[in-house]
Amino acid sequence: MKKLINAPENVVAEALRGMAAAHPDLAVDHENRVVSRAGGPTQGKVGVVSGGGSGHEPLHGGFVGYGMLDAAAPGEIFTSPVPDQILAATTAANGAAGVLHLVKNYTGDVLNFRMAAELAEDEDIEVATVVINDDVAVEDSTYTAGRRGVGATVFAEKVAGAAAESGTDLAGVARVAAEVNDRTRSFGVALTPCIVPTAGQPGFELGEDEVELGIGIHGEPGRRRGKLAPARELVAHAMDAVHADMPLSGSVVVMLNGMGATPLVELYVAYAEVASWLEGHGVTVARNLVGNYITSLDMAGFSVTVGRFTDELLQLWDAPVQTPALRWGR
Amino acid sequence: MNVELCLAWMLRFSELVDAEADRLTALDAAIGDGDHGVNMRRGMQAAVAALGESPPETPGSVLVATGRALVSKTGGAAGPLYGTGFRRAGKALTDTELASAAEVGAALVAMLAGIQDLGQAAEGDKTMVDALAPAVSAFEASAGEGLAAAAEAAAKAAAEGAVATVPLQARKGRASYLGERSIGHEDPGAASTALLLRALAEVTTES
Amino acid sequence: MKKLINAPENVVAEALRGMAAAHPDLAVDHENRVVSRAGGPTQGKVGVVSGGGSGHEPLHGGFVGYGMLDAAAPGEIFTSPVPDQILAATTAANGAAGVLHLVKNYTGDVLNFRMAAELAEDEDIEVATVVINDDVAVEDSTYTAGRRGVGATVFAEKVAGAAAESGTDLAGVARVAAEVNDRTRSFGVALTPCIVPTAGQPGFELGEDEVELGIGIHGEPGRRRGKLAPARELVAHAMDAVHADMPLSGSVVVMLNGMGATPLVELYVAYAEVASWLEGHGVTVARNLVGNYITSLDMAGFSVTVGRFTDELLQLWDAPVQTPALRWGR
Amino acid sequence: MNVELCLAWMLRFSELVDAEADRLTALDAAIGDGDHGVNMRRGMQAAVAALGESPPETPGSVLVATGRALVSKTGGAAGPLYGTGFRRAGKALTDTELASAAEVGAALVAMLAGIQDLGQAAEGDKTMVDALAPAVSAFEASAGEGLAAAAEAAAKAAAEGAVATVPLQARKGRASYLGERSIGHEDPGAASTALLLRALAEVTTES
């Protein structure tokens, strides 16, 4: 295992030190492991909180700031945060207008956020929860823990953050976040596994000519193994899977996301294929993101996320945002 | 079971988790996200520390304190599930100072119920429930023979239950994302539950 | 070689297709291989052009836009662009107030830009050239081709772009770019080699416990091989090298740059070490960047760039910029 | 050397570059950036295409057109250096239709001068100059024996010059960044220059 770290067990704590040093607009509570806006919560504004295991950077801490999250609770690598920590984030985000929890659909995240919401309610903070579950690689049935939350989380954080910033109430902010989730689907492909620092070795082995299709963001194997193929085919596989689940038409917001170790030049090659797949299916791109937004440590690969945004959602997307990882309009 | 025995149980569980952390993590790496051993070690170390700082006076409060520490330090799925299970078990013991085998059995029943209420997993879903449920049944069936015998039976059943998860397809937790590819691997949570019952058997035989 | 590409020889062309699709604010001339602002050159404004081999993304194309570059000429992977192409970029940037060429100090880049400048002068475009050479790993002597241009390029492009945007004349824009270069130093460390797509294998082999110290951005081995060490030590090695060449004091602009395959969480861990090294040496950080800005394909590793900015340079740094890879203030 | 022979030279050079591209790239990967073979192949293919599209009428214009194509299609350090070298060589031949061995020798001298003017490399700096300079001397020394003999001598000297770069420490180009670590590797540009002279020897012996 070759990593630019000091000690495997200190990665999260030290990365938070680095974030604090790099971003004066952020406040980092090292004891509680909470990243929030340096200015504190905005009174009268709905707070937007997310969190989950670390290893997905810039998600979530990199999305804290004006127009997006108020606070994030980063757990250990791939381990959901604990209720006390989520409560601390909720408190840091609380402007007395209620707090939205944006939770990726993993058993651990859902349970810990649920416990935190109960604790918050004991402290008279109103909490609404929207669970994100956009990964079409997993069937949503009684035979699974339900679909994983992946790329739609970035979209939901942006849109909910904009709605909250504009003065929308808790129910309204939760509604747009839920709508983003309903209208967004994702699919991921790994070219290499990743290595959890404390595990020291990859979760699976892949041959030089193999890929994993239908991966999540926790280094788990995908739904099935496939052959390494040109970007065109891998992208088509992902787009077809999204399209089969949620037929695409009209105009969409699309994110071509890198898993952490895939260089930008390759992401652009893949995005060219996304764009031509969409064009070939008569779908136009309203907005796009190409880059590393929700990663899986040092995994090479990509995921594609497509959202069928309404005009309202697109307007919220375009609203100013000022965070370490997403910034426009100010 | 008095408070010392219950403390010894938790301590032994923590030791076993520590010793087997790499195996638990490796099991989780195969069908999950490779953190179960690290999570359980962190959680149980916190529990042991908490128990050391303010030593509880009854077996029930040992389990409640352990549960609280697990909830606030473990994270992941296992943290809330084990945490809730321990708290429910502890509460079932009320403030008894010396729990009989039957009372310990009832506490284990409460633990299972707590985990199932929260996690909604049934037997056969390839989770910790597949180790705990047969352990609870075995414990209850042998409770008449005394705590040590019941614990031994429960440990055996839990270990078998854990191994029996190998051919199952997961329907709960991360492993369920793999669909059929989850078949052929032991569930890490079931493996850690087997350690919990082994710890109980060891401390009760010794005492 | 596992890459998210279609064919090794098409990587640059296809990545440019992806860039064009992703960024409506950019115009991509596929025939000449030029990336420029969609709005065309600004009349009366000095044009700022850079270019060089591809494989360093987002450099340079990702820095085209308001407040930074007017046009970029991306060559083949690690191969400097050709004179005609640089001329086309120069023409695309020409607002009749002269054009600045920002050239990284590599023989190929220097020679091709020099030829292009001659061609541009034939077409009555006034060209000034600033060569960037900030890499302290290379001694600047008659025994080398001189120091390599690395991270200072990002700083120079930002500052020169801001000066040009504010109406400064060609000599003035060249002056601030040269000043940035004079006041900036860099040092890089590789944890893994990278693979040039058409070569298909790494330029060097590194053991599991080895690193290359003093690397450039072209996958070449460094000045020497070292042992894999904690981030703290690798960062200290880099900072010491910079400090030995240009003693640091006062307030600096610092960039902790990823080489392409190093995930953000590791870059933050490393940045925490940069921040504490600086603090330990009584140096304060005026501004910082942490992320992938000037990469070397799929190499894992980092480089650190430190600039002793004057107030004037810092003001230009803070000026609004709107490019795919660097954006603030609008 | 008439126009046909000069065209044949360029064609053979392109073929040799194509056949040896992987070796040139591998040499460059060791002490440079792993693109020299790909660069030279792209450049010479463009040159051959340009020569095919509008066939020049004199040896000099063959070389000038080759140089122009190399400058505009090769990129890297080799593009401007070879491009300038070929253009200078071509211009040295003026509009001669049949260049004598001595005239070809003068063209090679001009090529070397062009490359050195632009790149400022001296012999011993571990560049293409280390193959070209001895080749030019050898050619001139044997020019009296006719073109084929001179070319053969030059090819031999260039090949030896290329191999002799192995123990040198680079002082120009990318390899110079490696300092002492550049020692022990053959310079890729010297290797491609050796191919240029080999091509000349082959076409002149055949003709």
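General remarks:
Letters A, B, C and D mark the chains as written, and numbering starts fresh at 1 in each.
Criterion: a contact is a pair of C-beta atoms (placed from the backbone, for glycine too) under 8 Å apart; a residue touches a chain by one contact, two chains touch by 3 or more.
This one's a predicted model, so the numbers in the text were calculated from it and none came from an experiment.
Common partners of chain C and chain D, by the touch rule above, are absent. Centre-to-centre separation between chain B and chain D, using Cα means, comes to 75 Å.
Centres computed as Cα averages put chain A at a distance of 29 Å from chain C. The mean-CA centres of chain A and chain D are about 54 angstrom from one another, to the nearest whole unit. For chain A, no residue reaches two or more other chains under the stated contact definition. In chain D, no residue touches at least two other chains. With chains as nodes and touching pairs as edges, the resulting graph is an open line.
Across the whole structure, chains are in contact as follows: A-B, A-C, C-D.
The touching residues of chain A, when paired with chain B in their complex, are 53, 75-84, 106-108, 111-112, 114-115, 137-139, 142-145, 148, 196, 198-199, 201-204, 216, 218-221, 223-224.
Residues of chain C that touch chain A in their complex: 2-7, 11-12, 14-19, 21-22, 54-55, 57-58, 62, 191-192, 208, 228, 230-232, 234, 256, 260-275, 285, 288, 290, 292, 295, 297-298, 300-302, 327-330.
Touching chain A in their complex are the following residues of chain B: 25-26, 29-35, 38-39, 42, 71-81, 118-119, 169, 171-174, 176-179, 181.
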